[in-house]
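Multiple structures follow.
Across the two complexes that follow, chain A remains constant while its partner is chain B and subsequently chain C.
On to the complex of A and B.
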């Protein structure tokens, strides 16, 4: 059983790490690989390549950052109170609604993107992008925060209030501190998902409003592999610390186990 | 603080939980509310705490109407069944929580500013010392045993010195052995505090041990209230009789003209009220004795329990009687005995 587990973890690691490793190796591969880029300029070495990448896709990187900065707080502001309501103030149909909140995860990006264009095409394209990203990230917040709310004794708030704490004081001294790990965790998840989101972003992108993954697609289809790979590595750089933080937080939550 | 509950009704949605409850908690006394599960005990406690608000009726603290006052502005402390300790705070910070909140006490008598840092530490220490928690102050709740958590919950509730202390089945999460020791400690502690206490339980022994004033709740209504031994000896209904301990209810009918002189009953000659009346005689198992002039009974079952022998008897008319005999005196099963009633005037319950 134990050996099987180790084998499974090993396979998973290979499956997850191999593409990234190949990409990274590709990004740093020899100069002759690069050859002539479609634009015609010649890149001599890796640093030159990276500066070329940031120069060409700097706008898209910035755009991705803008989208993430808009999406993360909105996803938390929508998802966390919803999770709280589903678990603490259930109303007729709230179970159904909570399940429905997960449905966007299964809707193909194509369908969602076209639905967004059809129904809200008049909105600025940037906000359509944000809307598309929210559809994929709010469910994660609802689920993560909801699970955390579930582990809290529902008597904690009455206890705080009986000790003289008003609603605001109860939230700031009891509820929020206890939910903080799950709020941070879901913020990191939102960041990771929104940063790497391709489906919706690609279909909603315009030449001016384009997130990095959408631009990356064009890089892979029109540039040589090392250029696209180098772009990918630049793009992945901020994700790695976030993923490590997610792992650490998730682990902490796991080890803390059931509340006393 | 004296508490009055006047005609309070409450419903969860369409389901009525409490109907016209009237109650008085004596100042500085321990009022125990006992009732079967689902009788509305916990709801009544939450109404006193201000965590729920009644559909109708009033709640008065020292004559002041607090019916619409939220929990944080009532001068109450609550110990919950699950303890509800704050898991992210140490024992020290749990106890200090109620001393640091911006509570605006409703009653003027205890209105005061937040204590200074020095007083705060002293108050935390006092509460901890009262419950023997001095050495656990830096622990988190998850590092405590059930009994320790229970004590922290109590220390946290009493630290702000509330005028009314509410306890919702505070011992039910402990195992039976621990519960027995803790409830004795709790009884002396609550008496020492001198606060008005409202204590909810479904455990009859706990209720008898703790109560100055016992209130029996059934199906959302107060069925009887008074000193615990009065309720035990003179219950108002067969329900109260059998809820507070084991009871033999012997059905009797008195013809017209009975005058209180001993009359024949299935349990021998016993004094009965003037007739005509129908009802039951309450005979507690400890009041059943062997009596050479008494009624004939067959021993159906006998078992020594330690403090007493538990004997199940069958009367000639087929009725069963439970008796507690002194240890080691139980007759053999199958043998015949003559039994009588120790108390000269068994309590008579008229048929409603």
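On to the complex of A and C.
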């Protein structure tokens, strides 16, 4: 029975990873899969293939990085103080606000993107993108930090205060260090979600402001298989280490993941 | 040991949560309210009627609902056993398997669609392998059918269901199961009378999570859908192809409202 269960888990893992493995092999093999390549000799071998990908979608890669760099600190600043307040300094309506914070996860990205364009179309596109990404990352921060605050001893902060520490000293020397693992975990979750976000980003994309997943769409629809496979590998390269770190930190909230 | 002081309502708390409140209002509630208010006035109202009454728009909505419901139920059934094993058993390689299973959660929808094409496209790996083994290529081009779309949905919903259930199963009170066993209950009886009632809220919230993710899924259908259409794809087409903002807005509203309503329904009674 026990063996059977473990075998089922293994089988599931293999079924989920096999398509990636097949694709990655496609990126590194020189076989003329899928016939003529429109890119010709420029993708003759693996190094040329990858430099072709980073050249063609370099702008989108950079844009994705910029979005992540803007979204991660903002999501933490919006989500973490609120998560702490919900547990330690509840106020009238705080429960309602806490459950409202999770609602965006259930709003289809396409609908939110359309609504954002309709209401705030005059804003620079980059900041609309950041706003859309925040909607799907702030809830994860609120949950992750909230769970972590729950496990802290509620007497630590009053103890620090009674020993003469001021508010800021208590926050910076007691609360923040204790919450650091969950803040790091939150930042990783934000990265993993923001890096792969497509539904909002693709609708908000302009020819100039485009994230890498939108570039992936172009690679899949207009390029040969080896180029598409290589672009997939480039997409996955930062995600896999982030995911391993998330698992190591016990990233429970990651099960919400991305709406594909 | 003294009990912690009862906490009085606090302005500090409200102040710390203010950025969250402002963001939710300005970034989410206001745009969605604007969407709804447009639909209540003409010509938005006419577009809502057009979407709900008949034709391809309603078909797209119904397709989304049916596909998402089916994907939610099937992924839940497939996820129960792996989630239980991951949550309750210690074995070598558990962390590696867990990481592997959660990998698809980071994937864009387009990536999942592409993987489906690699496996089951017209020159897909599975048809080629079958051709090599049996001499007859089967399932070529299956990725572009409803079945292919469904498998793609399962590809990103099963990991989500496993991870959601796993964190619920970890909190499962094992001693109750043990008590039922000492009282002579067999495995099936324990499953039906102890485990399932306790796990019911987790099962429902898993359904809610996977259902809403499927409803919002756009990239997969963008790559795979041919004759079959889903609501997010239809919204995209109306918006960028036909520049028909009224219909796109009405579809957005119908999609968001039905997603949130079903999610509420599944979460209702969860305490």
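Rule of thumb we're sticking to: the second predicted complex is superposed on the first by the 231 of 260 C-alpha atoms of A that agree within 3 Å, B and C clash if a C-alpha of one lies under 4 Å from a C-alpha of the other, contacts with A are read in each partner's own complex, and residues count from 1 in each chain.
Operating definition for what follows: a residue touches a chain if its C-beta (ideal position, glycine included) is under 8 Å from a C-beta of that chain, and two chains touch if they have at least 3 such contacts.
Fair warning: this is a prediction, and the values are worked out from it, not measured in the lab.
Q: Now for A:206: first (chain B), second (chain C), both, or neither, which partner does it touch?
A: neither
Q: Counting residues of chain A touched by each partner, does chain B or chain C come out ahead?
A: On the superposition, C touches more of the residues of chain A.
Q: Report for A:54: first if it touches chain B alone, second if chain C alone, otherwise both or neither.
A: neither
Q: Tell me which partner A:8 touches in the superposition: chain B (first), chain C (second), both or neither.
A: The second partner, chain C, only.
Q: Examine A:172 and indicate which partner it touches, taking first as chain B and second as chain C; both and neither are also allowed.
A: Neither partner.
Q: A:159 contacts which: chain B (first), chain C (second), both, neither?
A: In the superposition, A:159 contacts chain B only.
Q: Determine, under the contact definition given at the top, whether A:81 touches first (chain B), second (chain C), both, or neither.
A: second
Q: Quick check on the output: what are the common chain A residues between the chain B footprint and the chain C footprint?
A: Common interface on chain A, chain B vs chain C: 155, 158, 259-260.
Q: Name, in rising order, each residue of chain A that touches chain B in their complex.
A: Within the complex, chain A touches chain B at residues 153, 155-156, 158-166, 169, 173-174, 177-178, 259-260.
Q: Taking the touch rule as given, give the residues of chain C at its contact with chain A in the complex, in rising order.
A: Touch list, chain C to chain A: 4-5, 7, 9-14, 16-17, 19-21, 23-24, 27-28, 30-32, 34-35, 38, 78, 81-82, 84-86, 89, 91, 93, 95-119, 123, 125, 155-156, 158-160, 162-164, 166-167, 208-209, 212-213, 215-220, 222-223, 231-232, 235-236, 239-240, 245, 248-249, 252-253, 255-256, 259-260, 263.
Q: If we count contacts the way the header does, which residues on chain A are in touch with chain C in the complex?
A: Of all residues in chain A, those touching chain C are 2, 5-6, 8-10, 12-13, 16-17, 19-20, 22-23, 26, 34, 77-79, 81-82, 84-86, 88-92, 94, 97, 100-101, 103-112, 114-116, 118-120, 131, 134-135, 138, 142, 154-155, 158, 192-193, 195-199, 202-203, 213, 216-217, 220-221, 225, 228-229, 232, 235, 239-240, 242-244, 246-247, 252, 254-260.
Q: Where on chain B is chain A touching in the complex?
A: Residue positions touching the partner: 46, 49, 51, 70-73, 76-78, 80, 82, 84-88, 97-98, 101-105, 140-142, 144, 149, 156-157, 160, 166.
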